[in-house]
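Before any comments, here is the structure.
Letters A, B, C and D name the chains as they come in the text, with residue numbers starting at 1 for each one.
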């Protein structure tokens, strides 16, 4: 059995990790920390866990994290980079669900996140935890940077096209829409029910942190500069992310061939579902599950290719992918503890 | 033209007052105050008002409230009672949309609101602003306590039955449901979209401040002690309030007679709509309008009478009723500036 | 392994049964029928099942139902009563998720359902499938009438009080609220998104079929006539049911004693969670899980007792309870295949 | 006073027309027709109109349409083209809210709408009712084709850029999102609450009828072929449409200049609001109002320009625009009866 700890468990990725790990057959939940809620039973905050999780939030200063085999950071940006070194030295593997280790170019990271990086050398070591792109590196990693939700949905959609060189990499467009849970569980006016319900809007149009994360990883994967226009939007729903991706074909490829390309690329990927030609992935089809569903189109036979990509932002976009990475790191079959059928309706 | 000021205009009742007053034919919007947003154009916070309202939030210390004919307090509880005296002395009429003047029994008020009252003598003077019950007193008032949203929906439903003495006043039940906007526009975890959407729950079951407000006003109206069990619930929708009222008939009255009683009671009330027998009032039928729609039932001919009552909690439950009171106080026809047809769908 | 068939699988209870049975460790999904969709892969209708269920809808006339060990009827009312006899004769156990066998009094059933009953003798044989009330009878049954969603939430809430004789059974009130999925997956104007979203209303106030079902079962359980006012409402959310129950105490019992009573009554019930004093059950805490969470109150120390009861109408209110009944009928541990942690947020 | 009739008034554009026309100062509502609901009071179907509209649905065969000054067709596609000729001959002006007269190229229309056109000569005569593009033609028109909702939001966003020749017209992308009310008020499974709530998906990705409508009108306006990729999506909200538009700049233009261009272009348009640099139009800011709000961006200084455009699909996208057109046709000030402040929250 693998002993797991969660650092900062009062947010939505934390509680989603609890939901997954509590029923993972190879996991013992050892500790979960929270500065603000230390001493409070986890199930008092998250009543869905009553009867399933009887942990009590522990103060991070005294929690037995060093005794764990793996520590998940479900903390705000900037925390994991302070604490990862000590845990790694103690032999604990680390999976950071925040952004501290996602971008290799430290200057880019520091510009977008507005702070100095505390341990650039660990960034260099960290594996970028998108298994469908970097599986081998993750398998051997002590430290995994769990990707952002948008980067997961966007990269899985563009990847087959870029790998085959079928599209111009310099003019990608990712029109992306996320459920509100992506904004986390902190009190704020803009994500109040009365502000976000029955409403839709773009945000961070001038630039969003997930943009450089996507570009850097795609450039690494295909060895070419990538030009990306990435526009996120806020959906009036709790979970669910939909990326509508646009690119220019640089050669004439029939829609059916595009379909085959996608099918082939993801044939052995348990968590990526290439839907049949003409299908319309919907966010509810992955609600609560760790799947990414994709569809590819060439509308009206023009030279714009359109890819539709959906994930549950808290699952394949966060906690589910983190557990997928953990399974890889510990040599478990990748779907272990992650086979939840999505909840529909 | 009547010069109106709004104190504390950054919440939902404040912006709803702006929506109404900006197109009220007899009103000049003179000033709106906010400590936190002083200097900011109102339409920056509430983009629906762009092109309609060009006021700028003013510091309450310097805003020309004393120059107004009427001041609306859209502030948290405990503010109006500090400032009402000076305004009244300056000849400004005051309508408080918070709770400071709603309960005549000061000790009850202080117990439920957890503070000492700053001006009990003004409580005694204040008219309780439910026009369908206290029209004459409101007409002559300098100071009006605008009722709570729940008390409005509940009292209008019970009133005809209590006035006619058809029900036992000692065992009333008001199962009430409110949209989330009733909780206001302040950052808080429990009213985040991801907490309140796709969810339903009761709250304040052990006791809610609107309970004593309802009981006191009904007792005053019918001259008998009232026993009320009042359970509020939170609906996953922005606006709308539905009260399902239960009482025991103390005599045999046919459903059709109950219907006639309600119709007769509210025959001359522009804002109270007694729906036909068998109708089901829905909250969207009053969305954005100042109406209360009612239906009365005697299910299966038993001795329990059921009344359904819907209002828009921001309109008849707050800002709309405040403007209705203002119209009365200034001798205007009651529906002036309040004839918005509700938005459906 | 138990071979299971589903009759009429294109609705929400059908797809929810599939979600549960596809991962139930003791079940082989043998067949699922649909007249209208025969020949269509189940996962084409319900894309959440892609990769988990590869059944194809079969014509009911030719589907191998008689080969199953158990058949679930997820059909409209009036179908199971036509087909149950033949299946039982073939040795297939039957669980009807519709209403055909829920009410013992045939004349009452025929009045409320507007049709003649096709096999009254099977009604007499059928066990009413609320395990927390009728576990022993269910264990030995060939035919189980799965209760309605409202009856499940309401009975579990009133039961401890009635069993102990603490309340007057002749004046119960059940103010009940259901998510829209309870209305099923048939095209209809009144449950369109644009009609049901951002809206709340009561329905069937003059009388609802679940009323007599609740009364009859409670009377059978406590041996006394029950008088119930039952008012259902439609919530703007997909899943989730909340019953707010009101009754008059006929003796002075402290809230803490009521709490103990509930705790004791359900101490050994895996699926009933009596929450601590002062807790507020919320529907999302059971979303996708088979649990009923309860809280009991005596507001302001009055003689009205209030019970709050939440379930997921598609789980404990339908498919989950059906699987719980199946587990009982086949001697499996009751929670087998039903331990899904509810999805929150 | 202008006598107005509505043909086919049981859908959402019909009821929205009623909401607007009932309080329009220059209008008398003469008749509203419905084959299915003839004899039923309008307010029985749409309770928000109780007390405001006392019309009764009339059979289209006998309704006094020929007596009207203007007839609005709120019918399915293919009806207006059957009836417009006779009304025009009787001197009635016609505004079609469906698609019959929107596309000048009859063969394109027949291909996308799957029927033969009944009166091509009227298509040639019809004015395309987007006042901000075709005001003069509308002023003199007997017959107006009210644009589709998507075409309104998309064209107003691209127009300034195309008119100035700043973007390549051959590679436009319109990622568009609509509230569910755009699908109308007919019973259908895919727009049930339980299907469309808490969910997001694209639709008609292979091609949507509004695509050729947009292209043809933009080509006519700028005299150049337009290549458009148009992807519509369904939002889990009732009203509101958001178009996110992407185009390639063909010269270096600073964001501030783009802003000035938009401001200048729409300076005298009452219903088009160019928001300040950096603003994020949200759909709720136009809920119930006839406004289009726009923002223009050049993200990260790249050569992709992004325009955000929001409207209420039932207002500026349908009924509101129809009334705007009527005002023009009858020489009234354009904002007459259309100054509703949007409802927020």
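A few points about this structure:
The working rule: a residue touches a chain if its C-beta (ideal position, glycine included) is under 8 Å from a C-beta of that chain, and two chains touch if they have at least 3 such contacts.
Because the structure is a prediction, the values reported are computed rather than measured.
Looking at which of A-C and A-B shares more C-beta pairs in contact, the answer is the pair A-C. Ranked by how far their CA centres sit from the centre of subunit A, the chains are topped by B.
Averaged C-alpha coordinates give centres for subunit A and subunit C that are 36 Å from one another.
The geometric centre of subunit A is 45 Å away from that of subunit B, both derived from CA atoms.
In subunit A, the residues that reach two or more other chains under the touch definition are 12, 181, 185, 194-195, 197-198, 236-239, 281-282, 284, 287, 345. Against subunit A, the residues of subunit C that register as touching in their complex are 12, 15, 19, 22-23, 46-52, 181, 185, 197-198, 238-239, 273, 275, 279, 281-282, 284-289, 291, 293, 314, 339-345.
By the touch criterion given at the top, residues 171, 173, 175, 177, 194-195, 197-203, 205-207, 211, 227, 229-231, 233, 235-240, 242, 244, 246, 248, 278, 280-284, 287, 295, 297, 299-300, 302, 304, 306, 308, 310, 345 of subunit B touch subunit C in their complex.
In the complex of the two chains, the subunit A residues touching subunit B come out as 12, 179-181, 183, 185-189, 191-198, 236-238.
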